[in-house]
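Some structures to go through are shown next.
In what comes next, subunit A is part of two complexes: it sits with subunit B in the first one and with subunit C in the second one.
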Partner chain A sequence: MKKFLTKSFAWFGYLAVLLLLPQFFDSILAVSLFNQMAIAIVFALSYNMLLGQGGMLSFGHAVYFGLGGFLAVHALLLIEFETVYFSIVYIPLLAGLVGLLAALFIGSFSTRKAGTVFAMISLGIGELLAASSLIFVSFFGGEAGVSGDRTYGPPLFGVEFFQGIEIYYLAAAWVFVATLFMYLFTQTPAGRMANAVRDNPERAEFIGYSARRVRYISFCASGFFAGIAGGLYALNYEFVTEETLNAVTSGRVLLMAYIGGLGYFIGPILGAVILTLMNSLLSNYTDLWMLYLGILFLLTVLFLPKGFAGFIMMHRVAWLQRRIGKLVLPYLATGIPAMLFMATCVLMLELSHLEDESLSVLSIDLSASSPFTWIGLLLIATISMLVTRRTLPALREAWEFANHMTDEPESKS
Partner chain B sequence: MFEILVFATLNGLVTGLLLFMLASGLTLIFSMMGVLNFAHASLYMLGAYFAYSISLYLGFWLGLLIAPLLVGVLGALIERYGLRRVHQHGHVAELVFTFGLAFLIDEAVQFFWGPDTKNYQSPDVLDFPLFTLFGQEFSAYRGFMIGISVLIFIGLYRLLTRSRVGIIIQAAITHPHTVANLGHNVPLIFMAVFGVGSALAGVAGVIAGPVLTTFPGMAAVLGSIVFVIVVIGGLGSLAGALIASLLIGLLQSYAIASNLGVADLLNLLGLEFSRDHPLTDLWTLTLPQIAPILPYLLLILVLIFRPTGLLGNREQ
Partner chain C sequence: MSILTLNNVHKRFGETPIIRGVNLSIEEGERHAIIGPNGAGKSTLFHLISGKYPVTEGTISLRGQAIQNLPPYEIARRGLARSFQVTNIFPRLSVFENIRCGLLWKMGYGYSFWNLLGRQHDLNTAARGILDQIGLSQRADYPAGELAYAQQRALELGIAIASGAEVIMLDEPVAGMSHSEAENAVALIRRVTEGKTLIMVEHDMSIVFDIADRISVLVYGELIACDTPSNIRNSEKVQEAYLGTVTADE
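Let's turn to the complex of A and B:
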C-alpha cells in the first residue's frame, strides 16, 4: 500500500512538473525547448523498451519515428485540403499506428535473433529507408522534406494551435499518457518476459515462452510509441525531412537512452532532458558541442555503464544505511579538482579552436597566441589532475564504508 | 555496350578491393573478439587525414608508410584502454562503445582538420594512363590500388595460414584458454590483431583518400557498406569478405553504369502508365537510382534467409 502511494505520488509529481513548467519559464525559447524535450522523452523511452528492457540494440529506430512524422505531416495536408476533417489532437495516435504497422512488418523477420544480427538488420533497414526516402519524392519530399500547417483543423475548445505553448500542452498530455502506458507495459507479463528474454533467452524458452514472440511484442510496442513521438515532432515543427528517419536521428536516440541510463525507467527521461538541454544551450555558445557530446558519451560508456540514472541509484544502499552524509566531503574533495580539470581542458579546446581571438573567462582575458596562457592552463590541468588522483583512494574508502552492510541486507524491491 | 561493361567491371573491381581492405580488418577483429567495430570506417578516415598531413611535408610514399602505422598504434591503444574495459559489461556495451568512438573520431577530425574537403592528391609518379581502352583511359593510380589490395590479401592469407604467428592467432580465436595455458599472451595477441586490423583500415584510407576525396563524411559513406559486406560474407570469414566485397563493388558499379528502369520492364510486358499517377516515383525508378540501396537489400535478404552469411559457419 505504501509503495502504491509513493508511486502514485511520483506520477502526480511528473504530471505537475509537465503542467507547471511553462508557468515558470514562459519565453518562446523555453517553450520550444520544452516541446523538444517532450518529443525526445517519448522517443527515448520507446528506444529503452527495445534496448534497456528487451536487450535489442537497434541502429535504425528513427525509421518508426520518421514514418510517423511523415504520416502526420501528410495528415495535416489532408486536413488543410479538407479531404478529411478531424482535430489534430489525434494525429500522434495515427502516427503511432503507422509506427506500429511498420514494426509489425519489420519485426516479423528482424526479431528472430537479438544481439549482432538484430543490430545489423536494424542498421540495414535504417539505411534502406533513408536512401529510399530520397528516391520516392512524392511521399518523402526528397531533400526539401514535406511541410504542413497545423492550424487548419477544427479547434478544440477554442484552441487553434497557433502558438508553441498550445502545442506544448498537447504534447505534455501525450507525453504523460505515453509515459504511463510505457510504464504499465513494463509491469505486464509481456514486459516482464522481455526482461527475462534479455537476460537469458534459453531459460525463457525452457519455461515455455517463445523468445522471438516476446521480442516481437516489445518491438511492436516500441515502434508504436516511436511513431507517437514522430507525430508530435511533425506537429511541433510542421515540417519533416529525410533527417528524421536517417542514421543521425537513430544515433541520437541511442545516445540519449544510454547517457540517461538503460534498464531504469527514468533513465531515458533524464537522458532526453540532458541532451536536449545540451543541444540547444551549448550550441549557442560553441561549435564544439558535438565533440563534447561524443566525449561525454564515451566517458559514460566507460565509467558509468548504467548511465546517470544508474549513478544515482548506486547510492541507494548508502542512503538506506543513512551513511550518504559520509560521502559528501570525499565527493567534494575529488569532484572539485576533477571539475577544474575538465573546465581547463574545455578552455584549451575552445582556445585552440578560435583563431587569433581572445577569450574572457572570469574577467581574465586569455589570448590564444600568448604562450603564458597555454603554460598556465596546462599547469592548472596537471595540478588538478594530480589532486584528483590523490583524493581518489579516500573516496573509494568512503564508498566502501558507506556501502558496507552492517544491518540486515536491504529488502528486495 | 561492351565498353561500358568492361569499365564497369574495372571500377567495380577497384571499389570491391578497397572495400575488402576495410572488411578484412573488420572481420579479423570480429572473429577474435566477437565485436563489430563501428569505428573501423572512422579509422579508415583517420588514415586518409594522417596521410594527407604527412604528404604535405614528406610526400605521398612516406605517408603511405607512416599513416597506417599511426592508425595501427591508435587501434591498439583503443583495444587496450577502451574495449578491454567495457568488455566486462557485455557485447552490447562493446558495440555501443565503438559506436561512440566513431562519433567522437568524426567530430575530432572536424576539430583538427576543419569541415572542408582536403586537397589530397595522388602522387605524380602514378599520374599517367595505364592503358587506353575504347578511347577511355584507366589511370595508373587505380591499377596501383588494385595491386596493393591484392598484395595485402595474399600477404594476410599467407600470414594467417602459413606462419607460426598465424597459427597461434587462429588457435586463439577458437581456444583462447588453451593458447593461454600454452604460455602465449592472449590479451597481447588480441591487442596486436586489433592494431593490425586498424592499420589495414588506415592503408585503405591512405590509398582511397585521393580518389574518393578526403572529407569528414568519408567514414559515413563507406562505414555501413563495410558492415554489410562483413555480414553478407559471413562474420569472421576472410574469403567470404572477399567475395562479398567484390559482389557489392561490381553490383553497385553495374547498377550505376546501366540505364535500365522499371519503365523498361513495363514496356517489355506491354504495359502503359500515366505520368501523373500517385505511384509515378515507383514507375520511373531506374537502376542507377537504387544503386545505393542495393547493398542493404542484399543484407536484409541474407540475414533473413542465411543468417550466417555466405561463408560463415558460426551461429552466434
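Let's turn to the complex of A and C:
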C-alpha cells in the first residue's frame, strides 16, 4: 500500500512537472526546448525497452522514429488537402502504428539473436532505410525533406496549434501516456521475461519461453513508441528530413539512454533532458559542443557505467542510513576543484579554437596569443587537479562510512 | 507406465560420437540417478532430452509423445524441467523475480502484456511459497547474482520446480558444495521433488545410493548398466568400468 502511494505520488509529480514547466519558463526558446525534451523522452524510453530492458543493442532505432515522423507529415498534408479530416492530436498514434508495423516486419528476422547479430542487422537496416529515403523522393522528399502545416486540422476545444505552447501541451499529454504505458509494460509478464531473456536467454527457454518471441514483443512495442516520438517530432517542427531516420539520430538516442542510465526506468528520461539541454544550449555558445558531448559520454562510460540514474541510486544506502549529510562536505571539497579543473580545460579548448584570438571570462580578457594566458591556465589546471586528487581519499572514506551497514539490512520491499 | 523413453539415441559433434545408442525407460515417480566418469556424456544426454541439442539419431518420448529435436521451451511446456551443472539463473533479477518467471508459463500468463504482475495474487503467493520451500524468503529482494553459491544452487532448483513439471532433471545439483551444504541440498531435493519423477546426475555415491530407486551407468556414451542400487553396487562390470576408478581416485 505504501509502495502504491509512493508510486502514485511519483506519477502525479511527473504530470505536474510536465504541465507546470511552461508556467515558469514561458519564453519561446524555453517552450521549444521543452518540446524537444518531450520528444526525446519518449524516444529514449522506447530505446531502453530494447537495450536496458531487453538486452538488444540497436544502432538503427531512428528507423521507427523517422518512419513515424514521415507518416505524420504526410498525414498533415492529407489533412491540409482535405483528403482526410481529423484532429492532429491523433497523429502520434498513427505514427506509432507505422513504427509498430515496421517493427513487426523487421523484428521478424532481426530478433532471432541478441548480441552482435542483432546490432549488425539494426545498423544495416538503418543504413538501408537512410539510403532509400534519398532515393524514394516522392515519400521522403529527398535531401529537402517533407514539410507540412499542423494548423489545417479541426481545432480541438478552440485550439488550432498555431503556437509552440499548444503543441507542447499536446506533446506533454502524449509523453505522459506513453511513459505510463512503457512503465506498465515493464510490470507485465512479457516485460519481465524481457529482463529474464536479457540476463540469460538460454535459461528462459527452459522455463517455457521462446527467447526470440520475447524479444520480438519488446521490439515491436519499442518500435511503436519510437513511432509516437517521431509523430510528435513532425508535429513540433512540421518538417521531416532524412536525418530523422539516419545513424546520427540513432546514435543520439543511444547516448541519451546510456548517459541517463540503462538499468533504471527513469534513466533515459534524465538522459533525454540532459542531452537536449546540452544540444540546444551549448550549441548556441560553442562550436565544440559535439566534442563536449563525446567527452561526457566517455566520462559516463568510464566512471558512471550505470549512468546518472545509477549515480543517484548509488546513494540509497547512505540515505537509508541517514548518513547522506556526511557526504556533502567531502563532495564539495572534491567537486569544486574538479569543476575548476574541467572549466580550465574547457577554456583552453575554446581558446585554442578561437577565431578572434581573445576571450573574456569574468571580465578578464584572455588572449590566445599570449604565453601568460596559457601558463596561467595550465597552472590553474594542474593545481586544481592536484587538489582534487588530494581530497579523493577523504571522499572515499566518507563514502565508506556512509555506506557502512550497521544493522542487518532492512527488507527492501 | 514409463514417462520418459529414450530409444537408440545417438549424438555426434561433427565426427565425434558422444552418445552412442542409449536406450532408457524411466517410470513415473521414479528417482533415477545417472552416474559415470567425467566426459562420459551425462550432461550431453540431459541436453538432448531437454532440447538444448538436437539428436543425431533415435527418438525420445515424454508420456508417449516424441520430443526429440523440439525447442527447449516446447519440451518445458510439456512438463519437463531441469537445472544445470553450471549455475544458470537470471543474475540481475531479484530472487523473487527468478522464481516468479519460472511460474509464469505454467500459470497461463504466456506472453501477456496486459496483466500486471503485482496484481496477480495467486502467482505472487505461489512464488513466495516456493521461496519458503527453498529457504530463500529472507533473500527475496536480492539480485540473484549476489547470492552465495549454495543459495544460487537452491534458487536454480527453485526455478526448475516452479514450473510444476512432472519430470525434474538435475545435473550435479550438489557439486562444489561443502559437506553440510550438500546434506541440506539433498534434503531439499527430496522434499521438493516429492511425488515427481526425478532424474539426477551425481558424483557422490553415498548420495546416489541413498536417493535413487534405479541407477544408470554411462561410460563413453553407452549405458553399461541400469539397475537397482544394490545390484549396481555388486555388479562387477560397473566396478570395473567406473566405481573402481572412483574409489581409486579418492
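Methods note: the second predicted complex is superposed on the first by the 410 of 413 C-alpha atoms of A that agree within 3 Å, B and C clash if a C-alpha of one lies under 4 Å from a C-alpha of the other, contacts with A are read in each partner's own complex, and residues count from 1 in each chain.
Here is the rule we use: contacts are C-beta pairs under 8 Å (C-beta built on N, C-alpha and C of every residue); 3 or more make two chains touch, one makes a residue touch a chain.
These numbers were taken from a predicted model, which means no experiment stands behind them.
*Asks:* Between subunit C and subunit B, which one touches more residues of subunit A when both complexes sit on the common chain A?
*Replies:* Residues of subunit A touched, subunit B against subunit C: more for B.
*Asks:* Looking at the overlay, does A:136 come into contact with subunit B only (first), subunit C only (second), both, or neither?
*Replies:* A:136 sits against subunit B, while subunit C stays out of touch.
*Asks:* Examine A:221 and indicate which partner it touches, taking first as subunit B and second as subunit C; both and neither are also allowed.
*Replies:* The answer is second: A:221 touches subunit C but not subunit B.
*Asks:* One more residue to check, A:375. First (subunit B), second (subunit C), both or neither?
*Replies:* Touch partners of A:375: none, neither subunit B nor subunit C.
*Asks:* Return first, second, both or neither, reflecting whether A:247 touches subunit B, subunit C, both chains, or no partner chain.
*Replies:* first
*Asks:* Which partner does A:115 contact after superposing on A: first (subunit B), second (subunit C), both, neither?
*Replies:* Only subunit B; A:115 stays clear of subunit C.
*Asks:* Applying the touch criterion given at the start, work out whether A:213 contacts subunit B, subunit C, both or neither, answering first, second, both or neither.
*Replies:* Once the two structures are laid over each other on A, A:213 reaches subunit C alone.
*Asks:* Considering only touches as defined above, state whether A:188 meets subunit B (first), subunit C (second), both or neither.
*Replies:* In the superposed model, A:188 contacts subunit C only, not subunit B.
*Asks:* Once the structures are superposed on A, label A:200 by its partner contacts, choosing first (subunit B), second (subunit C), both or neither.
*Replies:* In the superposition, A:200 contacts subunit C only.
*Asks:* Kindly classify A:386 by the partners it touches after superposition: subunit B alone (first), subunit C alone (second), both, or neither?
*Replies:* A:386 contacts neither subunit B nor subunit C.
*Asks:* Is there a shared patch on subunit A that both subunit B and subunit C touch, and which residues make it up?
*Replies:* Correct list for subunit A: none, the interfaces share no residue.
*Asks:* Once bound in the complex, which stretches of subunit A touch subunit B?
*Replies:* Per the stated touch rule, the residues are 51, 55, 57, 59, 109, 112-113, 115-117, 119-121, 123-125, 127-128, 131-132, 135-139, 247, 251, 254-255, 258, 288, 290-291, 293-295, 297-298, 301-302, 305, 349, 353.
*Asks:* In the complex, go through subunit C and note every residue touching subunit A.
*Replies:* Against subunit A, subunit C makes touches at 50-52, 71-73, 76-77, 81-82, 84, 88-93, 97, 100-102, 104-106, 109-118, 140-141, 159, 162-163.
*Asks:* Show which residues of subunit B lie in contact with subunit A when the two form their complex.
*Replies:* Contacts found on subunit B: 36, 82, 85-86, 89, 91-93, 95-97, 99-101, 103-104, 106-108, 110-111, 220, 224, 227-228, 231, 235, 278, 280-282, 285, 289-290, 292-293, 296-297, 299-300, 303-304, 307, 316.
*Asks:* Contact residues on subunit A for subunit C in the complex?
*Replies:* 184-185, 187-193, 195-196, 198-200, 202-210, 213-214, 217, 221, 263, 411-413
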